[in-house]
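Same chain, two partners: chain A is paired with chain B first, then with chain C.
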Partner chain A sequence: MSLKERLYKVWRALVWTFDPADRAEAGKAITRNFWLHWFPPRMTKRSLSWSYSLWLGTISWVLFVILTVTGVVLMFLYIPSVERAYWTIKDLEYSVSWGWFLRNMHRWGAHMMVAAVFLHMMRVFYTGAYKNGVSHAARREINWTVGMILLVLTLLLSYTGYLLPWDQLAYWAITIGVKIAESVPILGPQIKFVMAGGTELGQPTLIRFYALHVMGLPLAVLILFSYHMWRIRKDEGLAAVEQFRLAKKRKDLQIDTSGEEPVYSTPWAVRRIVLVSLATLVWVMFLATFLDSPLEEPADPSWTPNPAKAPWYFLWLQELLAITTIRTPWFTINGGFVGGVVIPGLMGLAATIWAFLDKSPPEATGVWFHKSRTVQNIVFTLGVIFIVGLIIFAMYFRGPNWKVYWPWAWPEIPEII
Partner chain B sequence: MSDVKKKRREVLKNIGRLVGYGVLGGVFAGFARSLWPNVLYEPPKRFRLGKPEDLADGVNFFPEQRLFVFKKGNEVWAISAICQHLGCTVNFVQLPEPKVLKVGNLEIKEEWEFHCPCHGSYYAGDGTIYAGPAPRGLPWYYLEIDPATGMLIVDTSKEVEKGWKFKLA
Partner chain C sequence: MENKNVPNNPEEKKPQTPPKKPAAKPAAKRPKLPDVKDDPFPMDSWLIYGIAIIGAFIFGVATYKELNPEYKKYQVEFKKLIEKKFGPEAAAKVPMGVQQIWIEDLNNRVDRCITCHMGYEWKGLEGEDVPEVFRTHPDLDGLIAKHPFKDYGCTTCHGGQGYATNMKEAHVIQKGKKVRWLEPLLGKEKAKEYAFEDWQKMPLMEINCNTCHRFNDSLPGTPYINLAKKLWNEKGCIACHKLFGEGGDIGPDLTYEGSKSHEMFDIHAPYYVIKDGKPVPSGRTIAEEMRRRGLPLSVFSWHLLHFEEPKSITPTSTMPNFGFNEKEKRALTMLMMSWKKVNLPAKYIPKAGPISTSEKTSPEEGAADTSATVEDTTSQAKELTYDEALAKRGEEIFDKKGCTACHDLDSRKVGPPLRDVALKRDPEWLKHMIMKPDSMILHDPIAQKLLEEYSVPMTNQNVSEEEAKAIIEFLKKAASEKK
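The block that comes next holds the complex of A and B.
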């Protein structure tokens, strides 16, 4: 036995009380554990590698758990009423022990989750992980579609949570959001009416957004997440393993099969899941410790802050809807509909159905940047650059009255009544 | 089983299904309908602005209703402060000196303008949109005097043509 193996044995003896001796034991260790029973008993090393999946799906899920736990505590401290909501947030900041930390964790967790889910989608696209390779049972494009819905739900969770402090920031961001719905032809006014629970934002709006935020949307995420996980099992694992399946069928292709050997899920997968969870938790706690959440003045329907900006993940939409009003001599279409509904809707739809149309060969399944997918990867990247570029432009180059300024040359905001 | 019996069974099954789905659909339609409010606890659309002589000459802003009311001599008119793009409150901007603004074929004499802080819609002094994403100009509203109290009343559910002014006696 080499020294390395010897040291490893000591390490194992110190850290693991249970180390499966054979496949049967490894299987039981998974199937008889409530938390783990939905995992397979063994996984390939590549499925578990850092560099293939970047573990972004796990990170998204851990963030969801952090948000649920902090959210439940916040529910004990928050009152969804237009008179008191703002002041309960003030209390969180100034009079509740650790209230600021709770709120910061929830807010940073939410920002991180939007980012993590989006990056997860990018990873799946670039690795061609929505493709089925040579598997007959896999229908991974369904899981891609479910993922798209989960992305939209994540954005809606952020959006509904954004209103709850009932401060100026919240009030005007939601005003714009509700008006976007209203700008939809024909159905718009009814959609707005039922979203806001009236003709203007008020108590009915707050309680609706609150109910969606704490119950409706998390429940939908939970159900779809379970389905997402179930599908991975039924789709015969992560797309990375399609490489190994293909290599067995096609000796001529010279496929890289490193990381093909399966390892027991306990301890291999469990250890990494714990590691990723802890790292995510530490990161959110780090952000929450040093970066405070903003709270502006209480909501004032008579006065709009100048400029009024949406949260960063919606800024690209705000930029779009400010510049896409279509004027012809015969009719005018509000940019709220063009830039706020049609363009993002078409982009989402195109990304979703692409998984069903992608005709690249099976060897492009489950590998980063396969050369047969170069063109589509470039198009996808342009879409991402379009979104990120608009966000940066709207964040740093749009000043008072939504005019274009250099970030260091914002003018004094003129006196207004 | 005879064919007739089979067929009857099939028909009854379909009726059963239909009733089942119908009831389920009806219940959910009812749930959804409950979310459309029948009574709104909102400030009324028609409300008193006070005695006309108490209005300042020039601009008056009513924050709760988001409304500008202008008075000049014996004329009073009301223009909405709600941006027609996505509903932000527009800012009243007094021009340093009166000027004539050309919008298409229109020539608008103006002493002030309305600028929206959210997405940069610019309205001329009479509410005509001349720049930015708003699809239409700011609406003007109907004014009247309550004969019993002599109070000026505005009705923001009744839009009037641009340029419609109420003449005080």
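The block that comes next holds the complex of A and C.
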């Protein structure tokens, strides 16, 4: 045996075969491999197509891996203390080898992940992928609920990471976030106290956010993600497969399944995963190389930037809070309660239980924009437009004192000298 | 992603990619399954290669950025200069990579300016033929001997962002993308922007001199600040403005005027002009007026306009127009900007009183008001009476307030021994020193002389008048028990 053959044998034993000789080997390559064993030996072609899933779940996961790897390296360089945190970020920017690149990868990866997870949720909704179709074992609405929790965890991960540079941007964005939590009736002050570790943002807040950011939340994501993946297996595959099953069961529906036949997971699905991972990595590297992460002046509790804005994914809450606070001589509406709790709470609750209430026929499972789901798709889209619209409005049209300005007519703030 | 070429309907493209080895035929038993060798996504491999190449290219760009920082070309140039002037041996000693001065004692200040400005300490690079960036720092034996690089760094005096290792961000040049750093380099460019006649002398740096030296009446090399302090006294600013709790209430407290946030200056408010002694809106905002005059939009410009005519900014202001000339306006603005709240370690606090170029104070300054006063001023009251109970309470307060950290009765610690202080100073003076040491240092010659001797200013411990009285009783008791 040549060295090349020997090496390939070792590789095959440890990882997977690139080039299985027959069906048995293709199957073993999945079942005997730790990293791949939760995949089925074969997947339908449509589950693997670009157009069905857009691969957003995989992209989210790859981003999580990129964030974990860069994050662990950053942990060697960052000091979670209010005296040192900001300056360690300055060091990353100016003197640590590849520090700027690491930080940019981490920052853009985080923004991308928030976006990817949200888009993944949208895809699942529009394809009716939380429905069970004709499968008897599937409980896909559970996975939808897990997905909602993962979305919230992703937002929290991004939010806790936002504070760590301890610059003006971080400090005041987090202050706004804490204020939103504080405006919850009755429990508000307690929630704020627990979040900030005191009555105002300081060292206790930083260390809380840091511990959550590097340990608590990633661990929670990891566990829930594993469950999320395991459930796909128990739910008998992606919802796209239901069309395949339905076609066999109900000939009368005349479902065209020509794109559905199964292909071997090794090497075809694995190769596609490699492709998607690589593309995601290259995209984040591209952003990291050409777009620098912002770092403002050191955090200064005595100087509030005007306007102070929450991180972009919470801007819609801040805007909602502002527009639902109404004061008239006759009555006052508490925006913190209406905009900060009632509206987002109801939206989140509706989205979560939607999967349990959706009574559309099995044919609507695993297809984009099925005609039986048009009304709910429109309602969902309005919700998305509402959130995205508020974010864009608050980001570009809200100036000092939360007044409305054109983005190009923002009043300038003077320099010192 | 580039998935347009991958058809989703496999029937259309199956014939395009016949399996490589049609010989192996396990699939024949179950005809539903395709052959293992039958590639359902023939574009994927090419996409992997393509994206890998793009990725390698992007990584190459990132590597180039990493390996070629802006400062590298300065360092190469400097090495060449040294080789030309002092030979290859000297050139071999030129360090490469990020260079920095780190001052742990001065709030962990880090200044990386010397990464490019490498000649700052080299003797022999003073000449005009050496490019300015590499020139030796002037006045190494005078000013720098008193403010050594290792203790002060660069930005303490020059401003700018010490951490940065590229020119735009280190010098805080606000053209194009904004640099998020509050203190720009106080160099020639900035002085030119504000139309200083002597911009070549970098006059704006005086702001930073006075941030530490604010308690010195005058300082060599700071003509603007000295002028401003003279004006402050002449015009009686203290009548309306407070400094460290002393002064009038009519105008705002100016103790830390230089630390006021720039966000608090509304430059979009209307600018007024004075007609028949009354302010009328000019139709322009303050920002527009600054632009009209070619001034940067800044707090500095705001102060310039305000000193010119206070009512043009705040029409209701009662501050008179003193008719300051261009130089005086700039001087006073610099004084305002210099009054910053800074956290100075004890050893950096300058000596109070006048500072002259020679180490010793000139005789007429020295003898006139201080030397005699420090020792015995009120030695007339040798017979001390005190209230026993109050003195006991005073002793407790003396302990509780932490006075003992610096003061001992019989020996010199951080501050002077206090055994016979009640004999030397009258109770009124003691009361002031205990309650308001900061303002005493400002105004009282004895306190200033003491600071010069002990070099650490006494802190304000928030002692109430009643508590101060008790402490004085305790000090009287201590003095009477002197052996």
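Just so we're on the same page, the second predicted complex is superposed on the first by the 382 of 417 C-alpha atoms of A that agree within 3 Å, B and C clash if a C-alpha of one lies under 4 Å from a C-alpha of the other, contacts with A are read in each partner's own complex, and residues count from 1 in each chain.
In the analysis below, contacts are C-beta pairs under 8 Å (C-beta built on N, C-alpha and C of every residue); 3 or more make two chains touch, one makes a residue touch a chain.
None of these values were measured; they are calculated from a predicted model.
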item	value
Contacts of A:305 with chain B and chain C, given as first, second, both or neither	both
Touching partner for A:403 - first (chain B), second (chain C), both, neither	first
Partner chain(s) touched by A:318 [first = chain B, second = chain C, both, neither]	first
Chain B versus chain C as contact partner of A:70, first or second or both or neither	neither
Touched partner set for A:158, first chain B, second chain C, both or neither	neither
Partner with the higher number of touched chain A residues, chain C or chain B	C
Touching partner for A:90 - first (chain B), second (chain C), both, neither	second
Contact residues common to both interfaces of chain A (with chain B and with chain C)	300, 302-306, 414, 416-417
Complex contact set, residues of chain A against chain B	172, 175-176, 178-180, 183, 190, 193-194, 197-200, 202-204, 208, 300-308, 318, 321-325, 327, 332-336, 400-403, 414, 416-417
Contact footprint of chain A on chain C as seen in their complex	1, 3, 6, 8-11, 24, 26-27, 32-34, 36, 38-41, 44-45, 47-48, 51-52, 54-55, 58-59, 61-62, 65-66, 98, 100, 108, 110, 112, 159, 163-166, 174, 180-184, 186, 190, 204, 207, 261-263, 265, 267-268, 287, 296-302, 337
Chain C contact footprint on chain A (complex, rising order)	20-26, 42, 45-46, 48-51, 83, 87, 90-91, 93-95, 97-98, 100-101, 167-168, 258-259, 261-264, 268, 271-272, 274-275, 278-279, 281-282, 285-286, 288-289, 294-297, 300, 302-306, 411-417
Chain B residues within the chain A interface of the complex	35-37, 40-42, 59, 61, 63-64, 66, 81, 85-89, 91-93, 115-120, 132-136
